[in-house]
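Each of the next two complexes has chain A plus one other chain: chain B in the first, chain C in the second.
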Partner chain A sequence: MAEYLIKNGFVFDPVLGIKGDKADVAIKDGKIVETTAVKSPQVIDASGKTVMAGGVDIHAHVAGPKVNVGRNFRPEDKLFGYKPKNGIERMQGGFSVPTTIRTGYNYARMGYTTVMEAAMPPLYARHTHEEMRDTPILDQGAYPVFGNNWFVLEYLKNHEIENTAAYIAWLLRATKGYAVKVVNPGGTEAWAWGLNCENVHDPVPYFDITPAQIIKGLIEANEYLGLPHSMHMHANNLGNPGNYTTTLDSFKLSEGIKPNSKFGRDQVMHHTHVQFHSYGGDSWANVESKAKEIMDYVNSHDNITIDMGQVTLDETTTMTADGPFEHHLTELNHLKWANADVELETGSGVVPYVYSPSIKVCAIQWCIGLELALLAKDPMRIFITTDHPNAGPFIRYPRVMKWLMSTEAREQQFDAFKHKDKVIEATNLAGLDRELDLYEIAQMTRAGPAKSLGLAHMYGGLAPGLEADVAVYDFNPNEPYAPDDIEKAFLNAEHLFKTGVQVIRDHNIASNGNKRTLWVNAKVNENPQVMRDVKEKFLRYYTVTLNNYEVTGHYLPNPYVIEVDATE
Partner chain B sequence: MTKTVTDVICPFCGTLCDDLEVVVSDDGKELHEVYNACAIGAEKFLHSQAKDRITRPRMRQEDGSWKEISYDEAIEYTARMLTEAKKPLMYGWSSTNCEAQAVGSEIGEAVGAVMDNTATVCHGTSLIAVQDIGIPSCTLGEVKNRADRILFWGCNPAHAHPRHMSRYSIFPRGFFTGKGHTGRKVIVVDPRPTDTASVADVHLQIEQGRDYELLNALRVAFKGEQLPDVVAGIPKEKIYEVAETLKSGRFAIIFFGMGVTQSLGKNHNIDEAIAVTRDLNEYTKAAIMPMRGHYNVTGSGQVWGWLFGFPYAVDLSRGFARYNPGETTSNDLLRRDEVDAVFVLGSDPGAHFPFSSVKKIYDRPSVAIDPHETPTTEVCKVHVPVAFVGVEIGGCAYRMDNVPIETRKVVEPPEGMMTDEEFLKRVLARVKEIQGV
Partner chain C sequence: MDTVKLTIKNQPDLYLEADTICPDTFAGKKAEEIAGLHVYIGREQHRLGDFFEVSGNAGATPEETKIVVNGDLSRVKYIGMKMTGGEVVVNGNADMYVGAWMQGGKITVNGNVDAFAGTGMKGGEIVINGNAGNYLGAAYRGDWRGMQGGKITVTGNAGSDIGTFMNGGEIVIGGDVDVHVATHAEGGKIIIKGNAKSRLGGQMVEGEIYVLGDIDVMMPGFAYREDVDVDMDGIKGRFALYEGDLGERHRKRKGQTIYAKLYQRIEA
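== the complex of A and B ==
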């Protein structure tokens, strides 16, 4: 493989602790190496430019059945956004739900190289893997959903942690999944009857278990196995005024549980898109920010990581395994609604949504997301996401960076709100003058998510031995710049290396890369009870046979397996 | 000696049964028996064993006779035809696996083709309706385990999806449906007294072409508002009764077919049927599902969805993907003389398109890729026989509820026969050579 030396860039790397100093980065055999280890490298002159590790997205809906529902049922999302094929670049389309080809290219253009699909319905795992296979460049993994799974509900009703863990290990292998995802625990099962679980003590119909039992049990099972990532949580009661108490109740379920993982993470719960879970008030008329209360908790409990779910004020497509929420949303905005309940496992819904700066609630949501990040004491535990495409499409990450890095940019946005005064009154953002620097941005988009995922040994930094995922941006942090310069530069990386392959050269796609699919193979002791339960459920209740369930072979042309041994 | 292959997937209809058992010879070259399949499915497997099966490509001669050609010659003809055409139509894609669909899409992208599948004369109208109003749906297992109100509208699974009723909808005993069919109320809406209607609790024998009215009347009845004495030939008392039956269920499901998608009103019928389902969710839980025909028409819509963003009628001729049903749909293109070559794979437009369209195929350079001799192969210039997907080669297929299942290879194809995917990969390579990229 070619050797590269990226010279004289301003490097921001939390792993090495470099805060914008000039440094060289060397690449050999797909890895970062000491600069002395390269013999005759191609030299990339990065003087006057910013150099970071490739970005890591911990939570985005980019592949799988509901994403494709979003594509197929929104032809309007493609309008005016087509891009013809050009050399090795294949044709692209879509804005909030781009085609897989565009997904890969757009992430690469932002300097991102690893993206985790946030919710994979196990029965649809093949579909998710087919889409990831057709997403160029990126390393990807997918989180199967567990929070409404009948096996999990039945085992955890009696707090059977070992059985739950054995089932998790089996399902991760069957679906080639990466982590334990939980979406509206119990609520989506209730939605199969048109109901919901609105707080952590609201029992699940028939199964006689509470969301609290599911959450706590899955955290414990996750730590029993010692998986790379922690349990990945989307709590009950998303998107409702006054829901911050449910969020805090969910957080508290992690108290007293210590991480048991050799992958270097410190948290036992990652709570995603917290913006949607930080609302006060009791109606849309008096909804207000509770970001401070939420961040007081997060800042003082280091066994939790979160991501933002920042509203970007765009027209977008919401999609989640939180089936009842999407029904609630279509009743609010009266736009088209797709729903797909999945036997024994989960459900999902898709509804388009317009986050308008002229609507007070949307502007309040925008403030809350930014407050979460600006109130963060430890940027290694709060990550930039838009819960793509729920709060906005991922191509707005550079815009989110701009808002976080510049009070001027935030003031511009405040001035564009129709209900500016009311919005300021309901939120804390106007009183925050913190401006994040690029080092903190690198923590929130690289080192932090990589560590939380248990992938700090591969991604998130520029230390020798890590994967050679390196982005060079045409941005000089030491020269004066306007807020929009940040967005422009980080939307359009000048160079990008993925596992040592130059995929972007002079702002152009130079290679479709060598994408890998990450999955976790957890070994557990033989568990005849769980295997008997699996056989019985397939025989009696599933509509596919057990032998036709497991995802194998060509669905993962380039797998990267992370082995976990939980037999000791 | 023989061996039995279990958990075999049936590559016939969108029901995609995956519990077949197939008995094959020890060397895997002959297929003897098929168990658990319906009559149509079993025939599909057995037909692969036909002694008179065509195993080599053929080219039509001046005098109308066939001449056997090699696969290389067929690949050359196909690649030349596609690259030389200004706007070729690449139609079908519903009876093949997703792997072949993906390669075909790449060819379409390279040559600027219009990609269309059988939805264009089938559930395309449903796809348009979904773009209007969305679709609350579920997997078939949800129906099996929960549904106690089953409504078949303009479809006749007893003949078109023969195992649907026993596997998923009327008869199975699921987790919350331990009483099987006795715990379910079955309603059939159909102008004909079909075999499906004969097992229903209620058959609404609607006047032909009045589906929209009756669907709309149901929505009125849900709200308890006034109806005229008779709507679409059904007395209002009956409509109120059916509305109450649906509302009083724990989980209602509507299955619909060609009777509503291709009759008067087309996509507007489906809009209204989906609106009925949405309304029902105010009172109980309800879902709706199209009865997709070919075993992998759903998959082609999925593949094009993630590659191009549209489920059918995808025009790639401008270098990017455009979608405009009525303009970019196969029959409209053919009848307006807007395509100058026709490539057909995994479908039989010769049997299902209007004669005016079929004549246009006959008039153009054309290739049909199909294991069978069909009316389409009869009008095409070149016929390329291939291995049966799901019998002689595996690959992914999507069930009518979008659940992807990997089909199985159970028997060897006749010696030297190519698969869809192999043929397409060779064509793609040749297209790239010709284009010099």
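== the complex of A and C ==
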């Protein structure tokens, strides 16, 4: 493989603790190496430019059946947005629900190299893997959803942690999944009865269990296994005024549980898109930010990491396994709605949404997301996301960076709001003058998410031995710049290396890379009861046989297996 | 106003995507430059001049530009798409998407147009001296933003699904229409001087439909309210007023529920 030396860039790397100093980065055999280890490298002149590790997205909806429902039922999302094939660059389309090809390219253009699909319905794992397979460049993994799964509900009703863990290990292997995802625990199952679980003590119909039992049990099972990532949580009561108390109640369920993982993470719960879970008030008329209350908790509890779910003020497509929430949304905006029930496992819904700067609630949501990040004491524990495409498309990450890095950019946006005064009254953002620097941005987009995922041994930094995922941006942090320069530069990386392959050269896609799919193979003691339960449920309830369920072979042409041993 | 004349000289084998035939694109250009503008057949790029004889220079702005297109344009799509001003006259039949997403100015077609004319139209005027195809003044596939403003007049008949997701503006049909009128509409006005078939106002929330001729089958979601006299834009007579679609959500204004209104003439 070619050797590279990226010379004289301003490097921002939380792993090595480099805060914008000039440094060289060497690449050999797909890894970062000491600069002395390369003999005749191709030299990339990065003087006057910003150098960072490849970005890591801990939570996005980029592959699988609900993403594809979004693509199928929104032809208008693709209108006028096609880009024809050009050289090695394949044809691209779509905005909020782009094609797999555009997904890969657009992440790469932002300097991102690893993207996790945040919700994989196990029954449709094959579809999810097919789409990931067709997403160029990026290393990816997918989180199967567990929070409404009948096996889990039945085991955890009696607090059977060992059985839950054995089932998780089996399902991760069957679906080639990466982590334990929980979406509206119990609530999506309740939705099959036309009901919901709105707080952690709201019982799940029929199963005689509460969301609190599901959440705590899944954290315990996750730590029993010692998985790379922690339990990944989307709490009950998403998107409703006054829901911050439910969020705090959910956070508290992690108290007293210590991480048990050899992968270097410190948290036992990652809570996603916290913006959607930080609302005060009791109606849309008086909804207000509770970001302070949420961040007071997060700042003082280091066994939690979170991501933002920043609203980007775009027309987008919402999609979640939180079936009842999507129904609630279509009742609000009267736009088209798709809903699915996934047998014993989960459900989902899809609704287009326009976050308008002229609507007070949308502007308040925008403030709350930014407040979370600006109130964070430790940028290694809060990550930039838009819950793509729910709060906005991922191609707005550079815009989110701009808002976080510049009070001027935030003021410009405030001035564009129709109800500016009311928005300021309901939020804290106008009083925050913190401006994040590129080191903190690198923590929130690289080192932090990599560590939370248990992948700090591969991604998130530029230390020798890590994967050679390196981005060079045409941005000089030591020269004066306008806020929009930040967005422009980070939307359009000048060079990008993925596992040592130059995938972007001079702002152009130079290679479709060598994408890998990460999954976790957790070994557990033999558990005849769980295997009997699996067989029985497939015979009795599933519409497919086990043979047509497991993800094998050609679904993962380039797998990367992370082994975990939980046998005793 | 300066006039650019286009006369089709070569028929495309497939369909020509010619959204460049628009005062906004032509403005400020000379005939040679206009002939060099791009058009597409599938993913193949061609020059407008490969298919059209171009004469005359455009005005400095769209408002000062008039385009006259002559010949059989039944394989030419997107004429006048997104135009904001000026004038387009089509002498012949045109294919789909005439005046789609139009914002201003005027298009006159002396011939028939295929489907999706005036899709998502926001303003301006389209006059079709002939027949219109399906989805006149409707929304693009999947979109909920149909015709929002402006006026479309068709002297002949129109096809099915006219005014789907219409939110504003006016459509006047001189002749008959096929099934599905103003489906999902939340505003606007449709006048049908001839006969209508069935499924008028399905899932319609707000807006008005006037039918001067017969309606084969009335939607069950529309309820007869009363007979009223109408005298509007030269349309006069006694009409039966129906309100609907009762199966849909409806806004309230000053305590009154707002329904879509369907007027059928019972007496001239």
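Things worth noting here:
One rule holds for everything that comes next: the second predicted complex is superposed on the first by the 568 of 568 C-alpha atoms of A that agree within 3 Å, B and C clash if a C-alpha of one lies under 4 Å from a C-alpha of the other, contacts with A are read in each partner's own complex, and residues count from 1 in each chain.
We adopt the following convention: a residue touches a chain if its C-beta (ideal position, glycine included) is under 8 Å from a C-beta of that chain, and two chains touch if they have at least 3 such contacts.
Owing to the predicted nature of the structure, the values given are computational and were not obtained by experimental measurement.
After overlaying the two complexes on the shared chain, residue contacts for A:K39 are found with neither chain B nor chain C.
Touch criterion met: A:H334 reaches chain C, while chain B stays clear of it. Residue contacts after overlaying the shared chain place A:Y124 against chain B, while chain C stays out of touching range.
Applying the stated contact rule after C-alpha superposition, one finds that A:K83 touches chain B and leaves chain C untouched. Applying the stated contact rule after C-alpha superposition, one finds that A:P75 touches each of chain B and chain C.
Of the two partners chain B and chain C, it is B that touches the larger number of chain A residues. Contacts of chain A with chain B, set against its contacts with chain C after fitting on chain A, overlap at residues 73-75, 77, 84-85, 335-336.
Taken in their complex, chain C has these residues touching chain A: 43, 139-144, 249.
On the chain A side of its complex with chain B, the touching residues are 63, 65, 67-68, 71-75, 77-78, 82-85, 90-94, 97, 99-101, 123-124, 126-127, 130-131, 134, 150, 192-194, 206, 327, 330, 335-344, 347, 350-351, 540-545, 547-548, 552, 554-555.
Against chain C, in their complex, chain A makes its touches with residues 73-77, 79, 84-85, 334-336, 352. The part of chain B that touches chain A in the complex is made up of residues 6-7, 9, 18-19, 98-99, 102, 109, 127, 130-142, 144-146, 167-168, 174-176, 250-251, 278, 281, 284-285, 287, 301-303, 305-311, 316, 318-323, 396, 398, 402-406.
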